[in-house]
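First, the structure itself, so that you have it in front of you.
Per-chain residue numbering starts at 1, and chain names A, B, C, D and E are given in the order in which the chains are listed.
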Amino acid sequence: GGNNKTEEGTNGTVSENLTGSIQIDGSSTVYPITEAVAEEFRAEAPDVKVTVGVSGSGGGFKKFSRGEIDLANASRSIKPEEADAAKENNISFVELSVAFDGLTVVVHPENNWVKEITVAELKKIWEPAAQGKIKKWNQIRPEWPDKEIHLYGAGVESGTYDYFTEAIVGKSHSSRGDYTASEDDNVLVQGVSTDPLALGFFGYAYYEENQSKLKAVPVDDQNDANGKGAILPSMETVKDGSYAPLSRPLFIYVNSKATARPEVVEFVNFYLDNAATLSQEVGYIPMPEEQYKEQKAKFQQFASGSAKK
Amino acid sequence: MSKKNYKLEAKDLNAYYGSFHALKNINIAMEEKAVTAFIGPSGCGKSTFLRTLNRMNDYIEGFRVEGDILLDGRDIYAKDVRVDELRKEVGMVFQKPNPFPKTIFENVVYGLKIQGLKDKRVLAETAEKSLRQTALWDEVKDKLDKSALALSGGQQQRLCIARALAISPSVILMDEPTSALDPISTAKIEELIFKLKNDYTIVIVTHNMQQAGRVSDYTAFFYMGELVEFAKTRTMFTSPKHERTQNYITGRFG
Amino acid sequence: MRVQERIIEGLLWLSAVITILITAAIVWVLLSESVRFFSEVSIIDFLTDKQWTPLFAEKHFGILPLVAGTLLTTAVAIAVALPIGLTIAVYLNEYSPGRFRQTIKPLLEILASIPTVVYGFFALTVVTPFLQKLIPSLAGFNALSAGIVMGIMIIPMISSLSEDAISAVPRSLREAAYGMGSTRLQTAFGVMVPAASSGIVVSVILAISRAVGETMIVAIAAGQQPRLTLDPTVPIETITTYIVQVSLGDVPHGSLEYRTIFAAGITLFVFTFALNNLSFWIKKKYQEKYD
Amino acid sequence: MTNAEKNRLKDKAFQVFGVFCTFIGLVILAIFLIDILIEGLARIDWDFITSLPSRRASRAGILTAWAGTLWILVLTSVIAFPLGIAAGVYLEEYSKKTRLANFLEVNIANLAGVPSIIYGLLGMEMFGRVMGLGGSILAGALTLSLLVLPIIIVTTREAIKAVPRSIRDASYALGASKWQTTWNQVLPASFGGILTGVILALSRAVGEAAPLIVIGALAYVPFVPTSPTDEFTVLPIQIFNWTSRPQADFLVNAAAAIIILLLITFILNGIAVYLRNKWQKRVKW
Amino acid sequence: MSKKNYKLEAKDLNAYYGSFHALKNINIAMEEKAVTAFIGPSGCGKSTFLRTLNRMNDYIEGFRVEGDILLDGRDIYAKDVRVDELRKEVGMVFQKPNPFPKTIFENVVYGLKIQGLKDKRVLAETAEKSLRQTALWDEVKDKLDKSALALSGGQQQRLCIARALAISPSVILMDEPTSALDPISTAKIEELIFKLKNDYTIVIVTHNMQQAGRVSDYTAFFYMGELVEFAKTRTMFTSPKHERTQNYITGRFG
């Protein structure tokens, strides 16, 4: 039952007699973390009804800026037009990062030629100009075989896609269109794991769970400040920032009006206290300890600030 | 005006199925408590006319009536006439047996039930009475709660007649009511018609010249949508005015 | 009594009119957004451009690839479901004993009630690998698998509703046919099926509508690559896939990109409208009346 | 070969083909079911059915999901069936073949072709925003009602159409009003066909995920809804959510939830089939 | 064995609808090229027996036959008998008109078409011939391509007869074929039956005693599922052996 405390126990104390309800919606990427937090929070404050929806970061922000929800899960930062919409409704907010997601470049396990790949090569593959032109492996590196390359990637509308294009091509939402896209990362896992000529990318958790069917490719950003040479994604390399540029932060957004309610404040604090353990548990990479402290301070300030208003 | 007490009158009646002119300028007056038979070759409009008498053709798309039909002097196609009440007044029995897919009992008492009658005893009594009138009681009394569809064609038709009688209308229209019946049942129905005309006005379509001769007081002969001749049955059968009637009655037609 | 009849008729009328209100509401929702869309994108481009890349850097707003994808999966689905469904309907009605029919019909109807998410994964993880053995060049995401599975899903729509229509044909007609020495096949296709044609056409309309509007199966198994092709072995994208993709995804609401789903939606609407009117016309023209 | 022999051969061939077609559907169904049973059956226990959702596959349950599904089903039935059957009856028995009727008819066929996701958009705007129902059960049920309405109307009409004219004639001739004829004769006689439509409509509603996602049905609801204004989740959304998780254990959960979802459909279908057969036996001509 | 050339024989025939025993131990032998009439009160099993003669009851669930029916000495219920060929041999006309929802022409040539005949001229000739035989040609010759359902009841029934004649069977079964016809058409059909019996064996169910008397060579009287009496029509009508027959024929029944 959900009332049991977890074996590891949770951090922070919550007043037992809290009531009320908290509505959360948004990113599917962030959902598992928030779900885990909500589940644990329920053990602490059983009378607070926390609900979590999945309507994508965009869908979440839409509801958020209308004031329909208290917290928005997001796998990207809010866009100016979304922020404007919130302002129109007299909603101010705070962005809190809660964990990292490492985008992983993968190939089929039988692929024995790709040992590593550079950001420049990834750009060559994925940029809009590649459309209809880069079709063979040896067009990327001459020593790679003269075989077709089959591309798999996140759906164009996902935060994952946004982030990947931003990081690799240099411009958000800018890539070739002739690849197999799916919103559902399991579908991509399925695609890559059955196609020896595949190259794809998706969230780290999906790679981690399917390591036997996939092969991750170390990525070299040719910037020694972030660690030398090509680096494989892992808990450590993402956490310490050496797996660059393909690790991205995940966020929750808190509505100013909601911070007037003690249960929301308690929940957000609880979230930041436990995000490290819980995010790892569901397949994401926690941020360093001090960053959580920073986020907590940021929230405290925001909450007291909006309380004064 | 007419001195006699006419139950049903048609005045300059024309009927159309879309553009097909099915009844042409019919003028007829049917006496109360008498049996009027409609005869004529297939397709001449007998059924059509019969069905205008209780407005059953209202539901056929494209069907249109001109002229008047008077029941007790009141136009049944007038605006303020309620078809459902008209039909309680003017009952009908059809050419093909059409029992409801319900029990025999439910079939007979249907007309009463929709009038709101609920008293079980009255319903049962009426059912028995109507079934006896149609000589069906002995055959079905043990299976009143069985489906009416399991009966044979003849039994079904008699059930339909019983069903019409149960609401005791003042006029009964019958469209070849015995064409699916054996002579015994037919004889019983004819007998019944004889009895009923003491209280009811009956209009019957029949192909059976003998039957028309036996049961009817008046006979109307239709041909191609026209009323060729209308007279006392005896008169018509013995000395028809028109040659066509004569030919038809004696079977020398065509 | 009369008042009661009036009230009942009024209520029934109201229920019927509600369907108009729903349509009006749908059209309103679709139109209000797509009007703004078409103020930015020319309708000519929309109808003639051969590329659909509204979310990419180089934007093209040609709906044709999505329409082609939709037609392709639907055609495959109907090619599977119509012969099988109609055969089942005829078989159950004319050949099989009554008790067999009574068990088989509901069993088949189960096929229509399996959640489409499940079908999608079935298409992707079972049907596609199987077909790849037969057609080695078959892509991992393709219109063929999705269409076939969708066809299987809509079999019961055609078989059940057509069977109902056929069994509603009066027994006397069947007897007339047998009485002339017809075989069961001749009775079925010479007399029963034509007599039930209006019901059968209705069942096929419903099936096509379902196929055109089906989302999860194609979204999972047919791919998400808008492509103007009639080749069922490569990844394509349907209108519905596009809509669900965007509405589940990350596009900021109120943007031009977001409005594309309403433009796509209204296309789908117009498309089904034309289709339905056509079948309606066919039905009117060939409907046989019997008593 | 004589023509008669040819005809008989064709007849036989079709029979074989008919058996083949009938069983191909069933075989695929069997493959589905066995596949899912193998995967999910072991996961189903009392805890699975009575537990709240969780991040741990082994602890996650479907209590709120099936409760939400039942709520949605009941409310959708209550809203859509009377409305759909009433509209079908009006169109078939009452409306003259006017332009309005024609328009309505085409309109309904069109509604049947509108993809569910568009109903989701409509529901979100109309019920969620304008009526202020948000992501409540009522909003979900209203949305699904609109979705299944055309199916019910079309099949109701077809069923009513199959009732012979002579039955109506008989009833009218006994003085029955239009409504009495409809209520006492036409509806009972066509009930079997109407139920078939209702079965298809229900099974459609129970498997829908997309429109409910759009109107804002949730994935994580840690309480059982107690009123139509509560927020909710349903089994298909739970399944969809679980199948998109990285951890393979959740796929087992999804299979188990599919079994439960199918079970609910089977029970519903079973009731409807039972009723249908009962009616069909009584109504034969 | 029998010296005569019997076309149709029933031997110890019993038939059941589920548990209902509809035909009881029927033994009858019908002569070739003669008209045999079945008479008897409603529900006595005439239609049931007629329909077992071309196995039309095969399709009724729960219907079961015991005993033999021989056509030209061969058991029609034998394993190797093909029902479709049997039915081409033994044509049938039903009680209620049941035209196909097709054109008039298509109705008449249906039987030929399903046999694979495609020659337009032959089809047209056969259609005309059959329609003339049933006195329908003049009425429908201008609307052969119109739906058969637009005809009146009587016209429909005559069309069904024409349809049966078009495949020129050797036996024709008729279940009250004229019960929906007017006297003129009836007379024509009776005439036709008279002509046809030169080439065909005809079995006719009828409620019309006069008709049985006029058209049939032999008459079989059924009562409650039993064959009470079977004899030359003249003999039966003038000196019936059984009192029941006598009562029925004279209408003193019940």
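As a working rule, a residue touches a chain if its C-beta (ideal position, glycine included) is under 8 Å from a C-beta of that chain, and two chains touch if they have at least 3 such contacts.
Model, not experiment: these values are computed from the prediction.
Asker: Name, by label, each chain that touches both members of the pair subunit A and subunit C.
Answerer: D
Asker: Give the fewest steps needed to get from subunit A to subunit E, where each step moves from one chain to a chain it touches.
Answerer: 2
Asker: By CA centroid distance, what chain is farthest from subunit B?
Answerer: A
Asker: Please state whether A-D or D-E has more C-beta contact pairs across its interface.
Answerer: Spelling it out, more C-beta pairs touch across A-D than across the other pair.
Asker: I'd like the Å distance between the centres of subunit B and subunit E, where a centre is the mean of that chain's Cα atoms.
Answerer: Measuring from centre to centre gives 30 Å for this pair.
Asker: Would you kindly tell me how far, in whole Å, the mean C-alpha position of subunit D lies from that of subunit B?
Answerer: 47
Asker: What is the distance in Å between the mean C-alpha positions of subunit C and subunit D?
Answerer: The mean C-alpha positions of subunit C and subunit D differ by 16 Å.
Asker: Touching at least two other chains at once: which residues of subunit C meet that condition?
Answerer: 170, 183, 186, 247-248, 291
Asker: Which positions in subunit B touch two or more other chains at once?
Answerer: Residues 96.
Asker: For subunit A, jot down the residues that touch at least 2 other chains.
Answerer: Answer for subunit A, listing residues that touch two or more other chains: 28, 55, 184.
Asker: Which pairs of chains touch one another in this structure?
Answerer: Between chains, contact exists in these pairs: A-C, A-D, B-D, B-E, C-D, C-E, D-E.
Asker: Could you list, by residue number, the parts of subunit D that touch subunit E in their complex?
Answerer: On the subunit D side, the touching residues are 3-4, 6-8.
Asker: Please give the residue numbers of subunit B that touch subunit D in the complex, ascending.
Answerer: 54, 56, 59, 61, 83-85, 87-88, 91-92, 94, 96, 98-102, 110-111, 113-115, 147, 149, 160, 163-164, 167
Asker: Using the touch rule from the top, collect the residues of subunit C that touch subunit D in their complex.
Answerer: Counting only subunit C, the residues touching subunit D are 1, 4-5, 8-9, 11-13, 15-20, 22-23, 25-26, 29-30, 83-84, 87-88, 90-92, 95-96, 102, 104-118, 121-122, 126, 152, 155-157, 159-161, 164-165, 168, 170-171, 183-186, 188, 198-199, 202, 205-206, 208-209, 212-216, 239-240, 243-244, 247-248, 261-262, 265, 268-269, 272-273, 275-277, 279-280, 291.
Asker: Which of the residues in subunit A come into contact with subunit C in the complex?
Answerer: Touching subunit C: residues 27-28, 55-59, 61-62, 75-76, 79, 81-82, 85, 128, 155-159, 161-162, 171, 173-175, 177-184, 187, 190-191, 194-195 of subunit A.
Asker: Can you list the residues on subunit E that touch subunit B in the complex?
Answerer: Within the complex, subunit E touches subunit B at residues 40-43, 47, 95-96, 135, 139, 151-155, 176, 179-188, 207-210, 248, 251, 253-254.
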